[in-house]
Amino acid sequence: MDKIKIQFVLNGETRQVEVEPDLLLIDLLRERLGLTGTKVGCGEGDCGACTVLLNGKNVNSCLLLAARVNGCEVVTVEGLGSYDKLHPLQEAFIAEGAVQCGFCTPGMLLSAKSLLDVNARPTREEIARHIAGNLCRCTGYTKIINAIEKVACADRHCACSREAEEGR
Amino acid sequence: MKKRGVGMGCMWYGVGNTGLPNPAGAHVDILDDGTVLVLTGCADIGQGSDTALAQIAAEEIGVRYEDVRVVSADTGVTPDAGATSASRQTYISGNAVRSAARAAKQLILETAAEMLGVSQEEIIAGDRLLKVRAASGKSQAFTDCQSECRVGLGLDSGSDTREVSIAEVIAKCRMKGKLTLGHGWYNPDTTGLDAETGQGRPYATYAFATQVAEVEVDEDTGEVTVLRVVAAHDVGRAINPRNVEGQIEGGCAIGMGYALMEEIKLQEGNVLNCNFATYLLPTSLDVPEIYPLIVEDPEKTGPFGAKGVGEPALIPTAAAIANAVYDAVGVRITDLPITPDKILAKLKEKQNKGA
Amino acid sequence: MSEFKVVGQSVPKADALDKVIGRAKFAADISFPGMLYAKALRSPVAHGILQHIDYSAAAALPGVAAVLTGKDVPGANNFGIIIKDEPVIVKNGEKIRKIGDTLALVAAENEAIAEQALALIKVDIEELTPVLCPIAAMQPDAPKIYDKGNVLAVRKIVKGDTEAGFRDSAVVVQQQYKTQMVEHAYIEPEAGIALFDGDVVTMWVSTQNPHYDAKEVARNLNIGLNKVRVIQAATGGGFGGKLDVSVQVHLAMLAVVTRRPVRMVYSRTESIKNSVKRHPYTITMKTGADANGRLTAFECTIIGDTGAYASYGPGTLTRSAVHATGPYEIPNVKITAYTVYTNNPQAGAMRGFGVPQVAFAHEAQMDMLAEKVGISPLEIRLLNALRPGSLTATGQYLEQSVGIVSTLEAAAAKVREIKLERRGGRL
Amino acid sequence: MPFVYHAPRTLENLFATLDSLEQYSLLAGGTDLIVKWKEKLIDPKAVVDINGIAAMKGIEECPHCFSIGALVTHYEITASARLRAAATALYEAAGEVGSPQIRHIATIGGNIVNASPAADTAPALLALNAEAEIQSRTGISAILVADLFTGTGRTCLKPGQIISRIKVPASGQNQGSAFVKFGKRKALAIAVVNGAAWITIDGDKIKDVRLAMGAVAPTPIRLLAIEDWLRGQTLAASTFKTAGTMAEKLVRPISDIRSSAEYRGDLARQVVIRALETAARRAKGGCACG
């Protein structure tokens, strides 16, 4: 089986790798490149634990052949922030109690980022809609949505729409 | 036509195994710099026991939360704490950790009492300091007197004799060759149940809850939307209120799935819906708005009054939703899950009877 | 001001930082050089006897490091938290009790080879009639899943005199309720990785009870408990479903035999098919009250399908019985709860442990009684709620920290505040 | 098991590649293909990744119609203000497919050629009278999407043929369309029943109408008998209700893991009523998406 040479930008770094035709992006990331932050929950696109950003959009890395990311830009949770410099979403997830078991967290963070990148001030409904492909069994989603909303608000220096909602 | 309804569900839940011993152990080591290591067999599966146990140890010893590190669930180094089940870890491992922390702290108190020239009972710990109780009687006067003497002798007032840092006490302990280790364990006060009558004391304490659900039922399709859930939980004492809320919110979501959509379908013992495309969990668009309410009726045997909340969070949800559906459209579904087809069939039945 | 400095504070979760940056190590995230990948061959049959297993072709497949069958289990070859009734690997001539029973284990250089090897194993199973309904399983002429019969446990609670209690009741409601089997559906499927280093088995595993896991590994490998080290990896949810043994004993055996690191990660389908479930119940409940709505008598029969193996089944049904009255004081109580074996997937612990099922029933009963008596759902609950000084169904005297009334009041206040309106009248 | 991977960048290269292969699977979004491959339901010897073919991309507006590349994702459809206004049912259907992750990579062409009876875009395309452009080495032809399906999972496409683009008539004055879906949850749901309506009104009368439904037959279907009856009827709740009753009697759904046949019948009725109501409101409202 001929290997395929691909080049793509992973977390801001250009990478060249050889992949088998049937290698999935999730396995390339986890097993070859050691980026285990991206999780396998169902393997069939039904849970979103494997979510990464492909050219800025949230996608299921368990459903993508690695060969397809040739020429693309991929961001995983490892590219979002680090111990020293957390992404605002990561800070908010910690502060708001959006993390319980943490298995859905990396995918959830990336779905949130892909939303905020195109819609800096989403409503709670829009947030819920955008993370609907990321299953969480622990939190009931409330604190996850709170965390995303908090970042959206901070970004715009606006009065938090949640507070406004609670005041109704 | 869409109709709204409101229903209530209550529950109680015995914390710990039923009528069986279920002890937990813990080790606490107060280290040279005054930071603390807690060893516990308690498995944190995301519910936050590492955090709650760190808070309990910090409170008991008198250090800050960030001074405590919990090493958990490694049979090579941690004592058995039993299962993370039965909503038991905050109560049982919490008590074990508190007891271990108290044992380690006792060693510090002995030395601190000498350093401060007071009896141990007069010392309170907090924020990395050991202080002489402000309103303490005789010894207070003694130390006040001592201070006055010091001032009289041209020395400073000697506030160092009124409080001393835990790190300083530890240094003193080490100079004396004393390690500050404690261990503890806890087993709740229960009895077995009589085989014929079931009489006995199965649990040392119970958690309680009331949930109220608001639903909207589409009479044409039988579809149920859960709009809001009010969830009031007596947890004894919330060690970490935000994490308690997280347990309640997550529990309501699982309870909602149980009420309306989740069901393993079997054929000859084989699971037919064995993936997430066919076994459906609630998504972010399915869950209601949840109003968690923490009620604190402290349990005197609990660590700082705490009981448990993990399981109680989901127990009354399906019951409340079922009662809300009845309130909305006047039909009672007695077999879970309450699926649209069951509601529609009952509504038709009711209509036919009426006609 | 709180009397406490740290307790009562919503400090950030200790594990959250590692989890948001993707550094937390779940078991499937851990690897070692030279690692093997394990897979299990599972029974396609719900009830039968394993007659013969031929794994020679699988063992000969290049890249296969080990194939193990029932005869290779060095120790007890059974596990279970309450009753040791589940085999690690079914032995030749022994019973298969559910679809998914382990028939063989394979460790190979990669997952694809391990799967190919599984396909090469030939099994010969004598099929027996499966018992799929717990009520049918309780009949005397039902096929026996175990020699001692299909009823695993019966829990009785008797307090007062229910006959007299119902006689004195102004209203009585009786109803049968059914609840379904559900899946825990933690987002992280079962996973573990094991090493055999010197004479110690060390493993990282997704679990809710590492000390129990270690005991089962030691018993089944026939080694000292001090030679087993189980380390809980970051665990992606459990909800009761990771209290039972999944990969632990299998991994330990393969690591010992191959002397190489071995990892086993379930697919979602493997997880759903082989993990324990929430018990499906059939509940019959009869509740009486006087004309004011004060509860007078309560009778309840619960039949729980615990599937092929006990797991936490008897504990679940006992808890259901104890909690069946709900948080209410009732003078006359009679409850019987049956834990029944079938050839269905085994049911065990799941968040709520048998109480969500009975709560669904007792709360429907309360609303029906309230309607009959002409009081509101809140009123009937406040009237009957346990209080300090109450006696429970098991005769336990409740001294303090009995907060049900406080939760009723808190919930009712919030309901008024956010204006939830009950169609049928007052809350 | 393993397969050979091809990624032609032009239609010419694609057809040459297809000609050279005995057996192949086309990879567009892959959200169904990869799942089927993982579940071992298919075992392609070759996978032909068509994602690089520019001619199959983009949404173009022609006079009175849209030409939508087969590789256009559901996300791109939901991001198109023009489709929202003038092909509302398709816009709505695309937004109901799977999850955001799925919508970002799954394509409209893939949703059609999978020929799932429950595909969300299918009833919308049927109601809008969309045509598929079938292309092969030898040429190009057009076929109504409604005529494409020959059975569950089967289309009339022959080896070497692909769908390159979809032509969707644009709704204009006095026209409106709507899509309705009943799933078992509000996201990541396969339709229990779905359907779409397209309507042209003339005053308070129905001048023309098309109704389509999914998950009630082996393929998505048009409800021609009901359409015939509806033409000339007055726009009224009772009309829609009668149409709904007709639908319930007309369809012969099956029972499966998602629903009983009987309940699907109940939903079929509601799909027709609601799709007609909404489409009519849009036709009347002037703004097609109101």
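Labels A, B, C and D are assigned to the chains in the order they are written; within every chain, residues are numbered from 1.
By our rule, contacts are C-beta pairs under 8 Å (C-beta built on N, C-alpha and C of every residue); 3 or more make two chains touch, one makes a residue touch a chain.
What you see is a predicted model; the values in this text were computed from it and never measured.
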item	value
A-C against B-C, pair bridged by the larger set of C-beta contacts	B-C
Cα-centroid distance, chain A relative to chain C, in whole angstrom	32
Whole-Å separation of chain centres (CA-atom averages), chain B against chain C	21
Centre-of-Cα separation between chain D and chain B, whole angstrom	50
Distance from chain D to chain A - Cα centre to Cα centre, in angstrom	29
Two or more partner chains touched - positions in chain D	1, 186-188
Residues of chain B touching at least two other chains	45-46, 48, 242-243, 251, 254, 273, 275-277, 281, 283-285
Chain A: positions in contact with at least two other chains	41-44, 46-47, 97, 99-103, 129, 131-138
Contact graph of the chains (line, ring, star, complete, other)	other
For the chain D and chain A complex, residues of the former touching the latter	1-5, 7, 27, 30-31, 34-35, 38-39, 47, 49, 51, 75, 98-102, 104-105, 186-188
Residue ranges of chain C in contact with chain A within the complex	10, 12-13, 15-26, 28-29, 31, 184-189, 234-237, 239, 265, 267-268
Interface residues, chain D side, partner chain B - complex	182, 184-190, 257, 259-260, 262-263, 266-267, 270, 273
Interface residues, chain B side, partner chain D - complex	220-223, 261, 265, 272-273, 277-278, 280, 282-286, 340-341, 344
Chain A to chain C touching residues, read off their complex	30-31, 35-44, 47, 49, 76-78, 80-83, 86, 90, 93-95, 97, 99-106, 109, 135-138
